[in-house]
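Each of the next two complexes has subunit A plus one other chain: subunit B in the first, subunit C in the second.
Right after this comes the complex of A and B.
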């Protein structure tokens, strides 16, 4: 067996792997445990779960640690882990109104039905780098922890903060519909959602394929696609008005294999966005608005907003431009990053073929070489 | 009764294989789906069959399609050869090979004669292959018409109606402008008189090997989620005009600096004092040197 011939490459990649592993694991600082990553780098964890297509904070934390903080690499680790798992069940459809909000804002009205609940956001915090030393940070952390414990103790026994209506507010769409301000695009049938993990989505795919693709897309890719269409040469995309921006918990019901009844097997945090579109096309209803929808795993408002805007833009475009193809085929982080980085692989066979053709063109056009350059 | 009796596929050690040190990289449902896709691809030569491409432990663009095809068809009794640019020691070839053998228990070899499955990026081995060989080619871009049309819907129509006019016009314009057809690797070929395929990027040198080949060639494009096939004894004709012969890469006077071959695909080793040439198929070259007595 000619195994020895393959030795050189194996030694080289084993050494490279060992270098990465050693410098990561044997770094002189404390071991970074999963809870630290989940609790202190939650937005990175949320992004990795969303782009990796798995809801599991600890797995995402492990992936982030292994990937040395590279979000796309971490999402890749989660997705290839997914490939080893059989699919045992599908969850039941869940009403978006069952979302228990942690945060909810409605930019379209000053006083919408239900609360404007800022929740955990640094939207209105000055972006000042906190040049704080570790000792002072620990001191503050201790104080905050104590104060939090005190609040929890004081609140023990009393009703939880926020009534049910405040935590599950009516959505703005209902109000707009009551005001007859929305075109009605609701359909009567109930088609099965398109499963992008089993069937490749290509232009002409149903809306569910578009939404699923964007929900797993790389956040930066969606933001860029949105911005390109606002400012770039690709096309014209309306800036929407945000109706709902929500972050909260959604139950996951699965039909019990024995009883046949849905049971809640867990819950996931999602960001949900409804985007109000001002219809201004010649053939469109100028007396009403339309709505785009975005929903993704975790707390990622940037992604959900871009998604909702692109959703309604695709619908209005109706296949006239390449927008849908861009959404379906160019926003996956693993696809784009993998293909870009494959350029690092050896290409000397293809390059040899290219050089040969350059020589062939010269031979076919000897006059070319006498022309001044 | 043991688990192995119920699930023979769960214990991939018997019949000459090596014990697995990695868990399976694909679940059994995925393997079945890929095998069904392969059957469709073999039944409709050259047609790009969509499939639910899974994420692999290698990045998209790094052989994830070829790896899925190999994992779907490999058994513990198989022997795999994996090459990149013709070289068994290429770093990505090594990585793919160890993933395949460590997760399936298949044997490995660099010699085509000892192998049953040959996964390759950019080359077909120089050796004559047999009817029981399966060649798995890693495909970065499965769409041969992308250079002349970008819209997916239009591309689907063109293939469905065998409307390859734009491709012919582009080849004609190329010839008129440049004096030769400048298409380098991945040369477009008509398969079984029906579908035009992208021949991965294998060099033109390898194209005649596909025509009426005794072996099965499977093309796996993981990122673009397509599998296509050239079954044994199928016509594979490079698109060209009757009065413009198809040209393979050839450098007059060049021979391999290590084995002396002038009938293999040679790659250049540049040097200021004048280039040398060596075989890109490293194992074929090694065996020739051995036969010549200077190992």
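Right after this comes the complex of A and C.
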């Protein structure tokens, strides 16, 4: 496979780059600074960090600004930058239960162990476009800030904002396990996780490769692949109920080079989902449920839910169909968008050869040209 | 805790490159490989801080990579230790390392034992950085300035991708048989070894595994 290299138009290419740069940097409105993007477009920042595969809000904000809001392009910039950074250390594994939740819901169970903590969500909000002008928005912001401060002051001294148990709640899965309602797929060994940043994952890969691929995948691609299984032609999923949807902070521990003990060097925000699947296959244990797992950087519930669903779907499918191939090979935003975008580069030579093939077919079968259409 | 000598500590500090410096070095190394036989310069402020031949590994290696720093440097500093501390890279023997830096001289045997990768895994081939005294693009007639006119040198002719027709370079400080060994190592493309020659001045020439090398002339010290 070969493509004509883009050459000969160097001046045009340079001018096009310059045009993008000029119009981006010299737009007449105010310059967007990093904090503005992080605070006001936080979900875009989170998504770009997840797909870029690096936790750094400011870098993600700069990538978003440079990409003029194009999320896949921003993830591309971030992943390129990431590839130039040295790996300084390997973090130690953390328990998922070390997650300090900002939000935690259990759609499957009214009274799960621990609280239903709705947190920052618009799940129950009508989708009405707010046509509010800047002055009124600022006025409202001041009022809301004052009211929030008042609530915090009133609450201080009475009940704590959240006890340790409430911020690190038990899982519904534990309860289901106690009720003997779960298939036990836990393993005793502890294999090294597959590193998709070093080795491309191919079907037959361990589960860690699928999870890592999905954690870095493009959100839209995962949602689409999930939906194909619900309404589309695939149908690997039966009836999923969400057990846990969590958003919160996870510590990042690293072994101290001198003491040898793990120390917390930072923390990252993640979204975590456990999806309970109703097993209905002939060879499956139909008296029990199974659970799929999803976890990704930032606040991105859509992605983590699709991921957890596809995790259990891949497990149930067990390589019978092309699902695992779809997950591993077609969900990466950079892969897909990069291949698509390259179609815009000159293909003069390849297309010329295709034209010549058509001509050769005609020349070999002159009668074809004379047949009435 | 081990105690670290002052020289070593200073060298370790000097050897840490920030991401921007690493990116510039990476770009220069790519340029050098894309145009074999053309002179490229390492960023001067980096090449001043450490022996220039170490700059590529300081820019590109981290704890995932096995490095071998062979030979001594007149500074007397244990540069292998400096690289290990500054980058976190694992130390390995020349025959197993992903990156090999030769700070002084090498023999054909040294080059022949380098990892070449395979046709299916050409990326497993070693990246070799070989220090030399001086580099000159051309065939070596009066290549040097007056500082060491009698330095022994070798002129090699390069052909292959990235070389319009053919190009000659002259190298002081690496023996002709080393280039002959390198030529043999790179006989089974795509397996092979990518090489950069780095002069004391920070000048750099890339010899990717695709480049065919022929020794055309050599002189010995004092032969003029």
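In this text, the second predicted complex is superposed on the first by the 347 of 373 C-alpha atoms of A that agree within 3 Å, B and C clash if a C-alpha of one lies under 4 Å from a C-alpha of the other, contacts with A are read in each partner's own complex, and residues count from 1 in each chain.
By definition in this document, contacts are C-beta pairs under 8 Å (C-beta built on N, C-alpha and C of every residue); 3 or more make two chains touch, one makes a residue touch a chain.
The structure presented is a predicted model; accordingly, all values stated were derived computationally and were not measured.
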item: When subunit B and subunit C are modelled together on subunit A, clash or fit; value: clash
item: Touched partner set for A:103, first subunit B, second subunit C, both or neither; value: neither
item: First, second, both or neither for A:258, with subunit B first and subunit C second; value: second
item: Contacts of A:299 with subunit B and subunit C, given as first, second, both or neither; value: neither
item: Partner chain(s) touched by A:86 [first = subunit B, second = subunit C, both, neither]; value: both
item: Larger contact residue set on subunit A - subunit B or subunit C; value: B
item: On subunit A, positions contacted by subunit B and by subunit C; value: 84-87, 198
item: Contacting residues of subunit A [partner subunit B, same complex]; value: 1-3, 5-10, 12-13, 76, 79-80, 82-87, 195, 197-200, 202-204, 319, 322, 325, 329, 334-335, 337-342, 345-350, 352-357, 360-361, 363-365
item: Complex contacts: residues of subunit B adjacent to subunit A; value: 23-30, 33, 50-57, 59-62, 64, 84-95, 97-98, 108-111, 114, 121-123, 140, 150-153, 156, 178-180, 182-186, 201-205, 223-226, 247, 249-251, 265-268, 280, 282-283, 286-287
item: Residues on subunit A engaged by subunit C in the complex (per definition of touch); value: 81, 84-90, 198, 258
item: Contact set on subunit C toward subunit A in their complex; value: 1, 19, 22-23, 26, 61-64, 87-88
